[in-house]
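Below is one structure, written out as structure tokens, with a few remarks after it.
Going in written order, the chains are labelled A, B and C, and every chain counts its residues from 1.
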Amino acid sequence: MHVYHDQLEVRTNGKKLYEITDDVQSKVGNRGVRNGTVTIFIQHTSCSIVVMENADPTARRDLENFLDRLVPEDADYFTHDSEGSDDMPSHIRMVLTHTSETVPIVDGKMQLGTWQGIFLFEHRRAPHRRRIFTTIIGE
Amino acid sequence: MHVYHDQLEVRTNGKKLYEITDDVQSKVGNRGVRNGTVTIFIQHTSCSIVVMENADPTARRDLENFLDRLVPEDADYFTHDSEGSDDMPSHIRMVLTHTSETVPIVDGKMQLGTWQGIFLFEHRRAPHRRRIFTTIIGE
Amino acid sequence: MHVYHDQLEVRTNGKKLYEITDDVQSKVGNRGVRNGTVTIFIQHTSCSIVVMENADPTARRDLENFLDRLVPEDADYFTHDSEGSDDMPSHIRMVLTHTSETVPIVDGKMQLGTWQGIFLFEHRRAPHRRRIFTTIIGE
């Protein structure tokens, strides 16, 4: 059994989902682990990691629109707005989604379902560089 | 230290919570791992894994009703509806809940709290066969 | 590779976020694991574990206010209310946030981002003693 850490950097350009499935699988492949798990952890509080439908882009746009309505930018009781109107909603959207996900690895491949992809969900409007840790535990 | 993968299949019959605590504990018991973790991962994007109150069925019904209201089937801005009105809401409900959970194992038993159960949360109306991975890491 | 379990007890005093970052890091330090992961698991169904912005307390208050509005205590369709009006909302708030989080450990330190803290999110009004498991897997 071994543990391997790797890092990914993703450049984002506005509020939406960015697929990272191939990047994560590539880290798994490079480490040569046949059986185990990979934990994907994002080191930020204004974007998330989600597993989401990866076949139809309309599903992702509907999800983005839903979250824009669920967590509006102009709630009059928000006081944490030093970085603009998308600042506080970004933290709430992160808490309602996920900071880490753990995916099984069998025969060197992540065991995602047919329609599952791994995505970075960016909640800020301005461009950002986002850092993701992948930690593989296995043999 | 070892890693063991197992699979569960659950047949669902409509939008609700299906308890799988005993099935997961049974996988843990069969593998004979005394100390470690079990990660429960669901290979779908229209149902979830949640840890929830398992004593009172009214708590589960209230949760189901809350999500039906939070993510309505008839939102006029949804465009991803090729599989019916419960298609897009199922993906959103999945993102707002969980794809994976990791539970500690001590002396061969999952360390759930007194009122905690592990549930598959089905978000589609039609019957489905759902596949769940359990990955046990421990010794 | 080894696995180590520890427990934390946190006394809460009303609905809000309680930071536990230093307590978790202290468990990691005591076990002497240099590389691996720590899984934080909460053994309750009316409070959560979240990773959240830890610099500005106004961000936490805005999050608390958002959840009070998203999951109101007086929804007329709730039937699970034997323990009071904050009983059912506490379970929903737990399902919408997280029961477990897994954080990478490198050189003996959790790899949290600059603004990330780990918090117990209490969803009940009355004082409670809450039990958290930390499970460290690594070498």
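Here is the rule we use: a contact is a pair of C-beta atoms (placed from the backbone, for glycine too) under 8 Å apart; a residue touches a chain by one contact, two chains touch by 3 or more.
All figures in this text were calculated on a predicted structure; none of them were measured in a lab.
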Ask   = What graph shape do the protein chains here make by touch: line, ring, star, complete or other?
value = complete
Query = How would you label the subunit A and subunit C contact, same or different, if same means the shared numbers make up over half of all numbers there?
reply = different
Ask   = To bring subunit A onto subunit B by a C-alpha fit, how many degrees must it turn, rounded to the nearest 5?
value = 120
Message = Centroid from C-alpha atoms only, then distance subunit A to subunit C, rounded to Å. What do you get?
response = 20
Touching two or more other chains - residues of subunit B = 1, 70, 96, 98, 102, 137
Inquiry  = Using the touch definition from the top, list the residues of subunit C that touch subunit A in their complex.
reply    = 1, 35-37, 50-53, 56, 58-59, 61-63, 65-66, 70, 96-98, 101-104, 106, 111-116, 137-139
Ask   = Contact residues on subunit B for subunit A in the complex?
value = 1-3, 5, 39, 41-46, 70-71, 75, 77-80, 82, 88, 91-92, 94-96, 98-100, 102, 131, 133, 135, 137
